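Consider the two complexes below, in which chain A is the common component and chain B and chain C are the respective partners.
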Partner chain A sequence: MNIIIMGCGRVGARLAGLLDIEGHSVTILDIETYSFHRLPSEFAGTALVGDGMDEEVLKKAGIEKADAFVAVTEADNHNIMAAQIARHLFSVPKVVCRIYDPLRRELFSSLGIEALSPTTTFAQMLKDKIEQ
Partner chain B sequence: MYIIIIGGGKVGFYLAKALLGEGHEVLVVEKGASRTEFINNELGSVAIQGDGTEVTTLAELGAGRANMFIAVTGEDDDNLVACQLAKHKFNVPRTIARLSNPKNETIFKKLGIDVTVSSTNIILEDIEEEVPTHPLTHLLDIREKGLEVVEVKIPPDSPTIGKKIKELSLPPGSILSLIIRPRGKPKVPTADTTLQAEDQIIAVTTPETEEALRTVLRGL
Partner chain C sequence: MNIIIMGCGRVGARLAGLLDIEGHSVTILDIETYSFHRLPSEFAGTALVGDGMDEEVLKKAGIEKADAFVAVTEADNHNIMAAQIARHLFSVPKVVCRIYDPLRRELFSSLGIEALSPTTTFAQMLKDKIEQ
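Presenting the complex of A and B:
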């Protein structure tokens, strides 16, 4: 699969590494060159400096042929906007994004954006650990 | 009207000031504490500190009864998310967003934001109107109908000079509405009107056919 990841933080870089090992063609975007140091040294995909909310950058990253788009920057609203561009302007078949704010996640899920909230998931995991 | 403004920067501040002056009930949501204090000192208690892209903030300030919602932060994504929350969570009838990147207009419209304002585009349009040699000038957008009013100037060496309008193959959906000549009164063109050098033609067209219209009229 052709996969584009927006945001090369810890999660983005790790996901890029995992998908790359499985043989997917991965392009990862970040606005800071420095962020790419988080990628594993054997990463064979493409690292591209640019803003994933910018159509031109997305085109350069190959969004027109992408099978999946993942938005995992630190900012909820960046992720929401980029995910909606990927879905509504470029009709990428699989679009997933991270939204920290659970209420915001709820609304955008109802608007057809597949989103995960680490806040909800992680709080639940911690609770389960404590009660074990 | 109850109007909520997201972003208390310069645009938000002067907008709030103007709307208050017109007698509206205005509330400004601003992230920064000192900026919020400044607005409250200047305009009376009209600003609250908070994130206008958060559901809880908007619920607290009664977004459900707002008549209009205006997002004018410097970040396009924040403006988009704020307006989408207002529209879909709180059913605000009219949402207006400021754009920094004019290209974002397409996605904002597609996602149902009622009005977008791009300062970049406004300045560009002003430049186009100022430069007389520009082959096609946008005068007005009629967005709801997908139409636009444009002006086309016939250059002195155009091969279309002396031709009748019925001899031109105008693109479908384009209507020539008015001809303004260097001398004489403006006139409504008919099929038998002959084009002259320096004619200014005011036409109604669509974004898809404006290029074709320009080529047909100028013959270049």
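Presenting the complex of A and C:
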């Protein structure tokens, strides 16, 4: 699959590594060159400096042929906006984004884009650990 | 169960709410009074201002009768230290902590305390979403 990841933080970089190892074609975007140091040294995909909310940058990243787009910057609003551009402007089949705010996540999920909240999922995981 | 949570950030507050609803006796610690605004309004547990690395604070929180201790501050080092105090000094049966750094997590798990890395678990979850 052709996969574009926006945001090369800890999660983005790790996800890029996991997908790359499995043979997917991965392009990862970040506005800070420095962020790419988080990528595993054996990463064979493309690291592109630019803003995922900018259509020109997205085209350069190959969004027109992308099978999946993942938005995992630190900012919920950026993730929401980029996910909407990818889904509705470029018709990327699979769009997933991270939303920290659980209330926003529910709202956004109802708009047809998969949104995952690390807060909710992680709190639930801790609860399971305690009660197991 | 008597459960002490250190750190009333998004995850700590949500976890406190989930456990409280199920009837557990929850005490949540934070060094910032302001953090407690994140707790759900119906939270019936105890919110205590103080540092979970301070033994006196832990005693005040009831650590000697605690069944579980969860460390979810923003700082890996604080979580590790508090988890070790709870486990080894106060013999709390169940100790779980959050560690952002995946490498540290592996090291720490080998010391006998359950450590969960949101980075690793969340990246894996996103990968599953993309590939499903």
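In this section, the second predicted complex is superposed on the first by the 132 of 132 C-alpha atoms of A that agree within 3 Å, B and C clash if a C-alpha of one lies under 4 Å from a C-alpha of the other, contacts with A are read in each partner's own complex, and residues count from 1 in each chain.
Criterion: contacts are C-beta pairs under 8 Å (C-beta built on N, C-alpha and C of every residue); 3 or more make two chains touch, one makes a residue touch a chain.
As the structure is a computational prediction, the values presented were derived from the model and not from experiment.
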| item | value |
| --- | --- |
| First, second, both or neither for A:Asp54, with chain B first and chain C second | first |
| Dominant contact partner of chain A by residue count, chain C or chain B | C |
| Which superposed partner A:Ile21 touches (first chain B, second chain C, both, neither) | neither |
| First (chain B), second (chain C), both or neither touched by A:Leu107 | first |
| Partner chain in contact with A:Ile85 - chain B first, chain C second, else both or neither | first |
| Touched partner set for A:Ala44, first chain B, second chain C, both or neither | neither |
| First, second, both or neither for A:Val72, with chain B first and chain C second | second |
| Complex contact set, residues of chain A against chain B | 53-56, 75-78, 80-82, 84-85, 88-89, 101, 103-104, 107-108, 110-111 |
| Contact set on chain C toward chain A in their complex | 1, 3, 10-11, 14-15, 18-19, 68, 70, 72, 94, 96, 98, 100, 102, 114, 116, 118-127, 129-131 |
| Contacting residues of chain B [partner chain A, same complex] | 53-56, 75-78, 80-81, 84-85, 88-89, 101, 103-104, 106-107, 110-111 |
